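To start, the structure under review is shown below, and the notes come after it.
Chain IDs A, B, C and D follow the sequence of writing; residue 1 opens each chain.
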Amino acid sequence: MTQAPFLKDVAALVKFLQFRAASFDRVLQKLNVISLGNGKCSVEMKVDDDHVDQTGKLHIGLSSTLVDCISGFALMSQLPNMHVTTDISLRNFNGPKTGNEIVIDGHVNKVVDNLAFLEVKIKDKATGELLLQGTHTKYVLVN
Amino acid sequence: MTQAPFLKDVAALVKFLQFRAASFDRVLQKLNVISLGNGKCSVEMKVDDDHVDQTGKLHIGLSSTLVDCISGFALMSQLPNMHVTTDISLRNFNGPKTGNEIVIDGHVNKVVDNLAFLEVKIKDKATGELLLQGTHTKYVLVN
Amino acid sequence: MTQAPFLKDVAALVKFLQFRAASFDRVLQKLNVISLGNGKCSVEMKVDDDHVDQTGKLHIGLSSTLVDCISGFALMSQLPNMHVTTDISLRNFNGPKTGNEIVIDGHVNKVVDNLAFLEVKIKDKATGELLLQGTHTKYVLVN
Amino acid sequence: MTQAPFLKDVAALVKFLQFRAASFDRVLQKLNVISLGNGKCSVEMKVDDDHVDQTGKLHIGLSSTLVDCISGFALMSQLPNMHVTTDISLRNFNGPKTGNEIVIDGHVNKVVDNLAFLEVKIKDKATGELLLQGTHTKYVLVN
């Protein structure tokens, strides 16, 4: 019951995402998974019309979803346990616009007892500029 | 250029949401707007299959989107200026499951110079139990 | 080893603070404890010269200490277990100045499994205006 | 009125700290400033009896003060404007104990219009292990 899908590589994550297309994870269907393993996950995405807000910039709701999921995938490549979010936060330095290509890098900062501390950086693919930064704390179920 | 849609009542927000259905705001199409005005916005939503994560609970990405948007609507009923998110955070006490009905209440804590401090509470409609809490800071464009 | 001091009332907290005067908690020695019990703690403080920053306003470091400690005292009135901070945050709407009297109210939002979600509001004593808001998540040691 | 002390180097910061010893900044009097300039500040500190909480670990209030101040000093080496904190947060992976030596590195992530996004990492000096992480958003006064 507390076993999460263990994601060992890019193929496993792609399969997981296809399976989840009926849930809210459908908003991630345009992700291009670059690498996954050992507590790290890197994906790329082209910002599309259905990703943006009224100003034409990446929607904060989707940005938060990227922070949530990409760091979650990173954790799922390190730990087989189920986990639930306790605290998640996002800082928006400069949101990308429709047509921009972005890189989303998530990694596990540390796992201490039942807690996993995760972090995500969203950068412009072309320039490497840091656009958004997220932190994410998850509670890991152990039994 | 720095003029945001001013939302004066429920009808104005419903119209705004219909117009935005092509953007990421489409994830909000099942919202039932209860009240809007004077820096406050209250909506209801039945948690559906396309709102949840792999555990069948409200997706953190959608929860963050609710924090972002409902507090944004509250602000849009108070100020006509454009605004961008700087910091947003969410705490998950107990996520609702598919079939649960929830109430999402957003309000403006304070506007100081160019900054608007907003807050959102997500509660179980039947019991009133506080399920998630979000805070949201926006930068208000003045010219 | 995982037993924390259980604080049942104002007298217990005042005694606890006197004992802790050698540690960093010495910065709290001018607190006036108003009430404590059942997961809630309320204290008052007059902002003094040694509480402020270079602009003469309540120092963010001391504000964070108030969020940390007052919510911690609230939790210690509800649970006898030891607990450690995982995430703490503060939003500054309008910092009080030297001479202002403030009220700091902390309460337990919820305890779920090993996690305690806490919240603190700092208000102007005279006007009731909300000046700062903090959230605090603690990990509760159970064995 | 909106002019902050511009800190150009280690000597300037040491002088600033001595001047501020009467305010809450007195808690920083045992800092050893290593480097300062171009939006970065690095200091070292030996955790002492008057830095810790009831468990003998670095007090979260002092940790938050370090996040606040060290990132503030980093900003003061880049911008001459006055600035006030809007949002500050801290994540505690593993607090150091009395006697441990720590390194506190603050830097400016980005300045966008009136907002400065800052970040602080607190590491064990001997092992380089990341112990705490903080983020800090400041509003910059421009006129």
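We adopt the following convention: a contact is a pair of C-beta atoms (placed from the backbone, for glycine too) under 8 Å apart; a residue touches a chain by one contact, two chains touch by 3 or more.
As the structure is a computational prediction, the values presented were derived from the model and not from experiment.
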* Selected interface, B-D versus C-D, where C-beta contact pairs are more numerous -> C-D
* Work out which of A-D, B-D or B-C repeats the contact pattern of A-C, with more than half of the residue-numbered contact pairs in common. => B-D
* To do: State, to the nearest whole Å, the distance from the C-alpha centre of chain B to the C-alpha centre of chain C.
  => 29
* Counting in whole Å, what is the centre-to-centre distance of chain C and chain D, each centre being its mean C-alpha position? -> 21
* Taking each chain's centre as the mean position of its Cα atoms, how many Å separate chain B from chain D? -> 34
* chain C: positions in contact with at least two other chains -> 86-87, 89, 91, 117, 137
* Sort the chain contact graph into one of these: line, ring, star, complete or other. => complete
* Tell me, which parts of chain A touch chain D in their complex? -> 89, 91, 93-94, 109-110, 112, 117, 119, 130, 133, 135, 137
* Asked: Within the complex, which stretch of chain C touches chain D?
  -> 4-5, 20, 22-27, 49-55, 57, 59-62, 64-66, 68-69, 82, 84-92, 95
* To do: Show which residues of chain B lie in contact with chain D when the two form their complex.
  => 86-87, 89, 113-115, 117, 137, 139
